[in-house]
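Consider the two complexes below, in which chain A is the common component and chain B and chain C are the respective partners.
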Partner chain A sequence: MNVILLLHITVLFVFPPFLLGFIGKTKAFFAGRIGPPLLQPYFDLYKLMRKASVYSLTANWIFKAAPMVSTAAILAAGILMPIASLKPPVQFWGDIILFVYLFAFARFVIVLAALDTGSSFEGMGASREATFGCLSEITLFLNLTILALLSRSLSLSGIFPGGLSSSWSLVGPVLILVVVSLFLILLVENSRIPIDDPDTHLELTMIHEVMVLDHSGVDLAYIFYGKAVKLFIFGSMVVSLIFTFKTHNLWIDTFFFILEMIGLAVLIGIVESTMARLRLNKVPYLLFSALMFSIIGFIIILARTI
Partner chain B sequence: MLSLLISLSILTISSLFILLFSQSRRISAYIFLWSLVTACGFGLVSAFGVLCQKAIVLPSMSMDLRVLGTIPLGEFYIGIDALSAFFLLLFFILSLAAGIYGYGYLREYAGKRNVGVHFALYHLLLIVITLVLVAKNAILFLMAWEIMTVAGYFLITFYNESEGVRKAGYIYLIATHVGVFCLTVMFLAMGAYAGSMNFDRMAATQYPLGLASLLFILAFLGFGVKAGFIPLHIWLPRAHPAAPVHISALLSGVVIKVGIYGLMRIIVIIKDFPLWCGVMLLIMAAISGVGGVLYALGQHEIKKLLAYHSIENIGIIALGLGIGMIGHAYHQDAVAFIGYTAALLHTFNHAVFKGLLFLSAGSVIRSTHSGDMEEMGGLFKVLPWAGHLFLIGSLSICGFPLFNGFISEWLVFRALLEGVFRLDVFGIIFSSMAIGALTLIGGLAALCFAKAFGVIFLGRNRTSEEQHYKEGDWLMHGPMILLAAICFWVGIFPASMVYGAFQGAQAITGVAVGLGLKEAIIDPLILATRVLLFGGIIFVALVFIRKMLTLEYPVRLTETWCCAYAHVTSRMQYTASSFARPILKIFRSILFFKVESNRLQEYFARETKLSSSLKDASEYFLLRPFFYFIKRISRKLKWIQSGHTQIYILYILFLLVILLIWKLH
Partner chain C sequence: MNVWLDAILILVVILGLFIVSSIRLGTMIKIFGVQSMILGLVPFLMYAKDMEFYIILVSLAAIVLRGFIMPYFLFWAIRHVSERSEASQVIGTGATILLSGLSVVGSFLLASKLVFPVPISSDLVIPSSFSLIIMGFLLLVGRTKAISQVVGYLVLENGIFLFAILLLKKMPLLVEMGILLDLFIAAVVMGIVVSHISDEFNNMDTIQLSTLKD
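Our next item is the complex of A and B:
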């Protein structure tokens, strides 16, 4: 039990920035460059931690607390998520609701922090993030409802490690729709390229990055780290849906899981390198198509149960 | 029961004394304050006494007081069962908080207005709401309901010199009387079928499904007007901003909940409804929830925004109620039980956090003398109490973990997900639609309160840099702190309130529920708080790391970085309308915007203006045409009302003759 707990926490806490490294490497490969080392995100975090923070005179304590609250909320959501065949430390009937709400909470405090600076750019980013967030939340929850219905469990640990292993042969098309839908949600929630460009330089086109313009030093490090963990959790959701086969050996499963996550990071990198960012007013269409995927999946399931 | 009677008599006697001494504001205010505190204390004792009993108190087992022949056509027959007790609990908590706050809030009007009459009416409202909640006779219920409506009207029109306030009160009066009409018809039909106007006799009767659905439609119209379901809600966003804030808090926290209580009482009495009644309630709830929050997003007036959020929360409550009725129709008692529990608990929670939000908004309005959010900003520094309390209210209403809103929204989700698991395809379709609606409501509510809190309290002040705002004193902070503490307490230790809601839900379903199901509901909530504890530990660790690092690398303070633009003014901040615009644009096809602008037609730009507002579609496309139609018809029938007394007497004579002929025949 303790080994499992420790391994779970370690993977959850330590691994996430690695994913960003792989995404960066893939993008560099497509651009014909060597790219930064795989450990670059860790170096970045270390660098930011050693910089002094600058605070706006307008800001209140909300601005300072928000990075910590949001990162803590994301990590708390992370301990509900099973990783590989590791049972999460806490599981209960209906934890999918808490899972979704924790992400919403994490977003809400960052939005408030952005408004706390009184800058119009950050207000703009906050408005966009909140808008897209509330549309992606409904799709996420609908997908989780489908998975709950298929695995007859209201708990993430009932859904993800083994609850769906038989579903692929029965309702494979539905699961494909859910995977596509969840992958789109992953891109939206983590501000990846077709929706938002994490490396862009013009504030007017940003969504997430513009919200944290005023954060610096350790606060920015927390926000980056929280984002990496969020990407990791969403990624592990997609990965555990696709690869349901488990050897039931702790170490082998975890090893394969990490390989699968790296594969996902490469996939995200490929998407980012081959696509251009969508115009802002096209983003809702992408969100609606993700929603449609999951609604169609739902209809197929209902049709089967008749 | 005894303590409730003591509470009622304290309120009655003191309201008379307040009227007597209304010229001397000091005495009347003191009588008001102390009688309020003692009466609410006794009331809470009686509510707790029923809720804390080991055995559940079913409607048939409550302690009753029955005085025959006291009311024409009915009797004075009251009793507290667990359902009444649950509503009494939230009612006394909120009326205590709102009353003390109102005492503090209205001090600046002392001498200028007759505050004494206002206080006496406040007590009258408390008396009649209590009577509505404990009445066991339909005639008594209707009489108390009617006085509640009228007392509410006088409380709303406190600022009666303003045209808008008078109009809002007028619309409230008309809307609620349309509701009373439906209720009277409903109770008379039920009484005629059951042969008695007492609720216990009515409940003992089996109603055929056709009659039950007809009664349900009447109940939905009658109670729905009070509760504020879309499209019956139009009085609500007008009356709330017109009233003084503590009255708005009471209206939103209790008076509209009495509509929910009525619906629940009808469910207790009639028990078996056809399936489509529950489905209809679920659909109306989803429409009210999503519609309410979308309209709220389009508002810039803080109290109007909160009023629309009341509609949204009524939608959430009714989602729980609807899935409960559907579960009952499918004979899935677990679904029904969780649904009713969720509805009850959200009723309680909404009363608490909406009361908190209205009262803290009142502190803002009191110091800024304006309700327009576009003129505010940066108030967190000058009004720290109001700011922090509003923040707690916002986090609760959005249903974020740690606060009470999460517990009840979790239960509503749980009921709907159980519906997905246990019902057939038809049930699954509607429960999953409700899940989608509830998720959308949650997301939009978070957006709306990010907007409200952000624009009012964060950033910089949009009107002037010099602010001389003064915060209220402890008479205003105290009630708010009480409500905020309840928000926290229910959010962190949910078990006790959930058990209270269990008692109420058992009174609705009428069957005792095994301990297994109760634990299956409570245990996950306790585990959820464990996850939050883990989050808290991480938070503390992060704070510690940050503290260490800032010791080494000290913090600098400077202006907000505005992308290298030097001359930043506070007018450049994102406004409430611009914040809400992207999401409203997505939903523009179902919303009704009114945009007025002068088009620029010449080469050189002149001064121009643009104004856009979100209009209530149900008012413009549904109710207005309907009332114009009625007006046209009544104009054609005007000749009947000639205005001569003699002719009216003639009408009566005709009627008597017709009745005589009918009887003889």
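Our next item is the complex of A and C:
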């Protein structure tokens, strides 16, 4: 039991920045460059950790607390999420609601911190993040509801490791809808390219980046790390939906899970390299389509099961 | 096999959603072609156990006519009037997507109330045909360019075709005639309308028709 717990925590805490490294490598490959080393995100984190923070004169304790609180909320959500065939350290009936709202809470404190800086520029980013957030949250909830209906379990640990293995042959098309919808939500929530470019600093286009512009040093490191963990958790949701087959050997399963996650990172990199960023007023349409995918899936499941 | 039929029906509805949400006329026509080709596969899957010659004929007619000839004709019409995209919609893109999502929900509610005399191989056939019909109506109502209205009419026709496939065993010839007749009426009428509007007003905006005075 302790081995499972340790392995879960280790993978959750250590692996996420690696994904960003793989995304960067893929994008560099498509651009014909060598690109930064795979461990670059860790180097960045180390660099940021050693730096001192600079605070705006108008900012108060909310601004200073927000990065830590949001990262803690995201990590807490990760602790509810089963990874490979590892049971999560914390699980209880109905934890999918806590799971979704921990992400909402993380977003809320970051938005508060952005408003706290007193700069109208960051307020703009906060407004965008809140707008897209309320569209993606309902989609995430609908998708989790579909999965909960299919696996007859209101707990993430009941849904993900094995609760869906028989569903693929029965309602495979619906699960494909859920996977596509979750992948779109992953792109939105982690501000990847069709929605938001994580690399640019252009004021017209940024969503997430503009909110964290005033953070520096350790605070920025927290936000950066929290984002990586968020990508990891959303990715692990998509991956555990697609690959339901498990060998029930702890180490082999974890190894394959990490391989699958790397595959997902490469896929995100390919999407980022081949697509252009959407115009900001087109982003809600993408979110609407993600919502429609899950609504159609939800209706079909309702018609089938009830 | 039933899973494949489900997958195809869901794909058809999703493609309908894409048609409704896209603004470029070329994209709409292309997606319509793909949708019709996929729809043409439905009879093969639905009647896989007792396949007969006329079923193959109906499917092939649908695939060739809707999947290739109609898109070709529509692309010709686009070139003829040199229109690229829908400039002024009556219903905005976001609202159209949400409305078509609601239409899917409504079709499921409606289909659960209906009792169909012949056994149906999948419970998704009737809801998806209804949602295609409503999406076609949405295009007819919400767009102003004549070409997008033609595409809307054809999407509506696709929905009717999907419904008619259920009756294929009972009255095959009627279904076949329905497909051909509807399509050609649509093509001819809309072709005349499109070219006349563009000759008179130098564009295809049907809004201008309502301002005509005698």
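The rule is simple: the second predicted complex is superposed on the first by the 305 of 306 C-alpha atoms of A that agree within 3 Å, B and C clash if a C-alpha of one lies under 4 Å from a C-alpha of the other, contacts with A are read in each partner's own complex, and residues count from 1 in each chain.
Just so we're on the same page, contacts are C-beta pairs under 8 Å (C-beta built on N, C-alpha and C of every residue); 3 or more make two chains touch, one makes a residue touch a chain.
What you are looking at is a predicted structure, and each value in this text was computed from that prediction instead of being measured.
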item: Simultaneous placement of chain C and chain B on chain A, clash or fit; value: fit
item: Which superposed partner A:S169 touches (first chain B, second chain C, both, neither); value: second
item: Chain B versus chain C as contact partner of A:P284, first or second or both or neither; value: both
item: First (chain B), second (chain C), both or neither touched by A:I296; value: second
item: Touching partner for A:Y222 - first (chain B), second (chain C), both, neither; value: first
item: Per-residue touch tally on chain A - higher for chain B or for chain C; value: B
item: Touching partner for A:L177 - first (chain B), second (chain C), both, neither; value: second
item: Contacts of A:L142 with chain B and chain C, given as first, second, both or neither; value: first
item: First, second, both or neither for A:F232, with chain B first and chain C second; value: neither
item: Touched partner set for A:T71, first chain B, second chain C, both or neither; value: first
item: Closest approach of chain C to chain B (Cα atoms, Å); value: 8
item: Where chain A meets both chain C and chain B, residue numbers; value: 284, 302
item: Residue ranges of chain B touching chain A (in the complex, touch as defined); value: 377-378, 380-381, 391, 395, 398-401, 406, 409-410, 413-414, 417, 420-421, 425, 428-429, 432, 435-436, 439-440, 442-444, 446-447, 450, 453-455, 458-460, 520, 523-524, 527-528, 530-532, 534-536, 538-539, 542-543, 545-546, 549-550, 553-563, 568, 570, 572-574, 578-583, 586
item: Interface residues, chain A side, partner chain C - complex; value: 169-174, 176-177, 284-285, 288-289, 291-293, 295-296, 299-300, 302-304
item: Complex contacts: residues of chain A adjacent to chain B; value: 49-60, 62, 67-69, 71-73, 75-76, 79-80, 89-95, 97-98, 100-102, 104-105, 107-108, 111-112, 115-124, 126-128, 130-131, 133-135, 137-138, 141-142, 145, 148-149, 152, 154, 203, 213-214, 217-219, 222, 284, 298, 302, 305-306
item: Footprint of chain A on chain C - complex, ascending; value: 3, 6-7, 10-11, 13-14, 17, 21, 93-94, 97-98, 100-101, 104-105, 108, 112, 123-124, 127
